[in-house]
Amino acid sequence: MPSTNFVSVRVQNLVKSYASFRALSDVSLNIRAGEFVSILGPSGSGKTTLLQIIGGFVRPTSGHVFFGENDVTLLPPQKRDIGVVFQNYALFPHLTVAENIAFPLRARKVSMADCQKRVERALEIVELKGYGDRAISKLSGGQKQRVALARAIVFEPRLILMDEPLSALDKNLRETMQLELRNLHAQLGATIIYVTHDQREALTMSDRVAVMNAGRIVQIDTPRKLYTAPADHFVAGFVGESTLVPVKRSDPRHVSMGDIKLRTPRDVVDGELFIALQADSILLCDGSETESDSNYLEGKVRDVVFQGESLKVPVILPEGTEIGFRIPSHHYSNRTLPKPGETVRLKLHVEDTVVVARNPSAA
Amino acid sequence: MNSWPRLLLWITTTIVLIFMVLPIVIVVIMSFSNSRFLTFPPPAVSLRWYEAYFGSPDWMDATWNSFLLAVIATVVTVPIGTAAAYAANISQSKMVRRLQLLLLTPVMVPVIILAAGIYMVYAQVGLVATKTGLVCAYAMMNLPYVFISVLAGLRSFDMNQEDVARSLGVNRFTAFMKVTLPQIRPSVITGALFAFIGALDETVVSLFIAGGENQTLPRRMFMSLRNEIDPTIASISSVLITISFALMIMSSLRGKRAHAV
Amino acid sequence: MSDLPLEQQIASTPSMEEAIARAERAEQRMYLLLFAPALLLVLLFLGIPLAILAFQSFREGDSFTLMHYARIFQEPIYWRTYYDTLEISVIVTLLSVILGFPLAYAAAVASRRWSALILALVMLPFWTSVLVRTYAWLVVLQRRGIINTTLLNLGIIDQPLSLSHNFVAVLIGMLHVMLPFMVFPLYAAISKIPAELLQAGHSLGGSPAYVFRRVILPLSAPGIIAGSILVFILSLGFYLTPELLGGGKTIMVSSLVQRNVELYLQFGAASAVAMILLVTVCIIFWAVDRVLPVEKIVGMR
C-alpha cells in the first residue's frame, strides 16, 4: 500500500488546562512526514492528552496543531484522516473482522468491489489473510491488535496515532509486534506518533523519542542521543537502567563523587549535578588496570542475581550509594564471579560518563 | 451453617414465595371458571369470561386504546430518554450533572400528587381525556426508566469506540447509530419495555385525566372493581399477566445475551 | 489564571483561543440540546403541575390564605389520616425487611438455578400490574372471596369472615406490591458479600447468629437502607391498593387527595394535603442523600 498521503505534523504552543490542573504546558513538537516518533513518559505526564489533541478527540485550551500546512486545531476527528490504534484496540464487537476494516472505507463511500479488494490487501499486510469472516470475540490479543492496525491503515490516512497499543500483550508477542510495526512503518512510509510508558519500546522502534514529564516535553532526540546526552536528571533517570548519584563540579572537564574524580567527555556547567550510571556501561576490571580514556570506581558487592541473559550485581559505593552493573551470562563460566562482600574495581568509559543537571520543574 | 437455621431459611423463603405468586396463580385459575361466584376450585372449566372480555366492544375499545397509548408513549420516551442519557454520560459540565437529578423526579414524586397536579393543569388547558394529554403524562412518568437503563448501558460502554469511529471518518451521529447503539441495544430495549409496561398498566393518572373516548383499560378495570366482582376482570388480568410474563422473559433474555457478548 | 507569565509567553493568537472556546461552547450547547427535550417534558408535565399545586394550596377564591393548612391541623380526619399513613408505611417497611431478607439471602447463597428461580418468582409479580395484583387479593380476601367461600363450603364457618376492607387487607396488599422493591436491592447487596467472608466468620469460631450480626448485617446495610427508603416512600403515596382493599374507607393520605379533587372539587384542600406529603418525601430524600446518593436508590428498580 504505497501511499503519499502522509504528512508532517507540527504542534505549536499547546496548552490544556482542566479545572484543577494543567495537563499540557506549552508543548511544541515538529514531526517530519514519514517519521516514527514516540512520546515517552510516566503516567500523568500528559502524553495521552497530547495524542488526543492531535487526534481531535480533545480540544486544547490554546495552541495549534498543523498537518502539513493546514491548521487542523478545530477540525473534528472525522475530517482529519488519521488512523488511530488504542490500547484496548476499540474494535467494534458487533461487526466481523472484515466489517471492522471496511468501516472507514464505507464511511468514505468506497465502492463495494474496491472496498473488498482493499480489505483483503490490508489483511494480507497484517498477516491475517482468511480471517475476514471471524467474529472479534474469537480473536486472540495479538490478532485483535493486527485487526486494529489494518483498520487504521486501510484508508491510507495522513497520520497514524497509537496509544500504548502493545501494552495488553505478553512480553514475547510484544517484542514480535514491535519489529512488525517497525517493518510496517518502513513499508508504508507512514508518519506515526506512538505513545508509550515503556522506554525500551520507544527506543527500539522510533526515529525520535519525545520524553514528557509534568505536561512538558523535556527532550526530543534520537534514541542514541537520549542515552548518551540526556537533557536533565529526569531523562537520565527515566531512560535506560541508571542510578543517579550526586556529584560536584571540580573543573570544566571533571566532577567529583566523594573522593573519586571523574573525567567527563564534555564541559560541565556548575549547578546541582548528577552522574547517571547506566548498568550496562559499567564494566568489571582488574585491580591494576588504568586506561586514560576510562574512569574507575570501587565498591562492595552486595549480591549477585541471575536474570537470564545477564547477571545483575548491586554494588555499594564507599559513600553509601547503591549502583548496579551487569555481566552477560555467557561470560560467567570463564570468569570468576564476584562474591557478596567482596570489593571490586569498576570502570566507566569517559564517553559513558554522563553528567546531568537537576531540572527544577521536573519531579 | 448449622442445619436448623438453614431449614428455617428455606421454610421462610418458600412461604414468602408462595405469598408472592399464589394470588396471581389463583386469578389465572379463576379466569377459567364457569361460575359467577368465586368458588375454589372452580366447578368446571370454561372460557365464558374470555368470551365476555373479547366480545365486549367497551372492553375492547379500552384495551385497544391502552395499547395505542402505550406504544405512542414508548416511541416518544425512548429517543428523548436516550438522547438525555447520552448527553449526561458524555458531558463534563456540572450543570448537566445537576439537571440529571431532575430527570429522576417523576419516580420520586408520589403518583397521586402527579395525578392531581396534572389534572388541575389539564383542566385549564383542555387536555383532559385527550390522547395528547395521556401520552405526555406517560412519557414524563416513564422517562426515568429509559434514562436510567440507557445511562447504565452507556456507562459500561467503551466511549473510545465512538472516538475511533469518528477518526475513521464518520460524524458523531453516524458513529452513535452504527457503533454505540447496536452495542447498548439491550439497555435501550429494557428501558423501552419498562416504558411500555408502565404506560400500559398506568392507573392512577388515567383515573384523573382519561375518560370519554379516551378510556384506558386499567381505568375501566378500576371502575368496575369498585362496584362488584365481575369475573371478566379475571380473564383480563390473565391476559395482562401473560403480557407481563412475556415481557419479563424478553428482558431477562436480553440481559443474558448482553452478558454473553 | 490569565495573569500567569506562561500565558503571555505563548504565541497563540487571541482569535485562536476564542475560536477554541467557541467550539467548546458549541459542543456543550449540543449536549444541552440533546438534554432539552427530556428536561422540557419533566418541567412541563411535572414542574408546572407541582407549581400549580403549591399555588392552589395557598389560595381560596381570589385571595391568599393559610386556611387549607390550618384545617389539616384542626380537623382530626386530616391529621389522623397522616398518622395512619405513617404508621402503615412503617409497618409495611418493617415487614418487607423481615420477609424480604430471607428471600434475598436465600437467592444470594443458593445455587445458580435455585437463585434464578427465586428471583423469577419475585420478578413475575413485580412485572404484573398493581391493579391486577390488588384484584387478586380481592378475589382471595373479600366477603364472597375464595377463603370465605371455601370455609363456608367446608362448614367451618357459618358467617363470612370480614377479611377485606380493613387495615389488615390493606397491609397484605401493600406488602405484596412492596416486597420486590426490598428484595432486589437487598439481593444486590448480599450477593456482593464474598462467600469466603461468611466462611471466615465460621472458621474463626463465630456462631451463625454472631456471623449474621457482625458480618452479614453490616455488609447488607446499603441494600437495607435503599430498599427501606424505596418501600417507605412508595407506601406514603400509595393509592390504588389501599383504596380498593380499604373498601372506600379513607385510610391513606392519597385517598384524601383523590376525594378532595374528584368528589368535593376542593382543589385548595387537595393541594395542601398533597404539598405536605410532597414536602415529607423531599425531606426524606434530602436526608437520605447524605448517606446514599438518590440516583442509586431510584436506579435500583
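When the chains are written out, they are named A, B and C in that same order, and each has its own residue count from 1.
Rule of thumb we're sticking to: contacts are C-beta pairs under 8 Å (C-beta built on N, C-alpha and C of every residue); 3 or more make two chains touch, one makes a residue touch a chain.
As the structure is a prediction and not an experimental result, all values here were calculated from the model.
Common neighbours of chain B and chain C (chains touching each): A.
Compared with chain C, the chain whose C-alpha mean position is the greatest distance off is A.
Remark: chain B and chain C have CA centroids separated by 16 Å (rounded to whole angstrom). For the pair chain A and chain B, the distance between C-alpha centroids works out to 55 Å. Listing the residues of chain C that touch chain B in their complex gives 28, 31-32, 34-35, 37-39, 41-42, 44-46, 48-50, 52-53, 56, 99-100, 102-103, 105-106, 118, 120-125, 127-140, 142, 144-146, 149-150, 153, 176, 179-180, 208, 233-234, 236-240, 244, 248, 253-254, 257-258, 261-262, 267, 270-271, 274, 277-278, 281, 285, 294-295, 298-299, 301. Only residues 1, 6-7, 9-12, 16-17, 19-20, 23-24 of chain C touch chain A when the two sit together in their complex. Interface residues of chain A facing chain B in the complex, by the touch rule stated above, are 55-57, 76-78, 80-84, 86, 88, 90, 92-94, 103-104, 107-108, 137, 151, 155, 161.
Touching chain A in their complex are the following residues of chain B: 158, 160-161, 163-172, 174, 179, 182-183, 261. Chain B meets chain C in the complex at residues 1-2, 5, 9-10, 12-13, 16-17, 19-21, 23-24, 26-27, 30, 37-40, 80-81, 83-84, 86-88, 90-91, 93, 95-96, 99-121, 136-137, 139-140, 143-145, 147-148, 152, 194, 197, 200-201, 203-204, 207-208, 218, 221-222, 225-226, 229, 233-234, 237, 240-241, 244-245, 247-248, 252.
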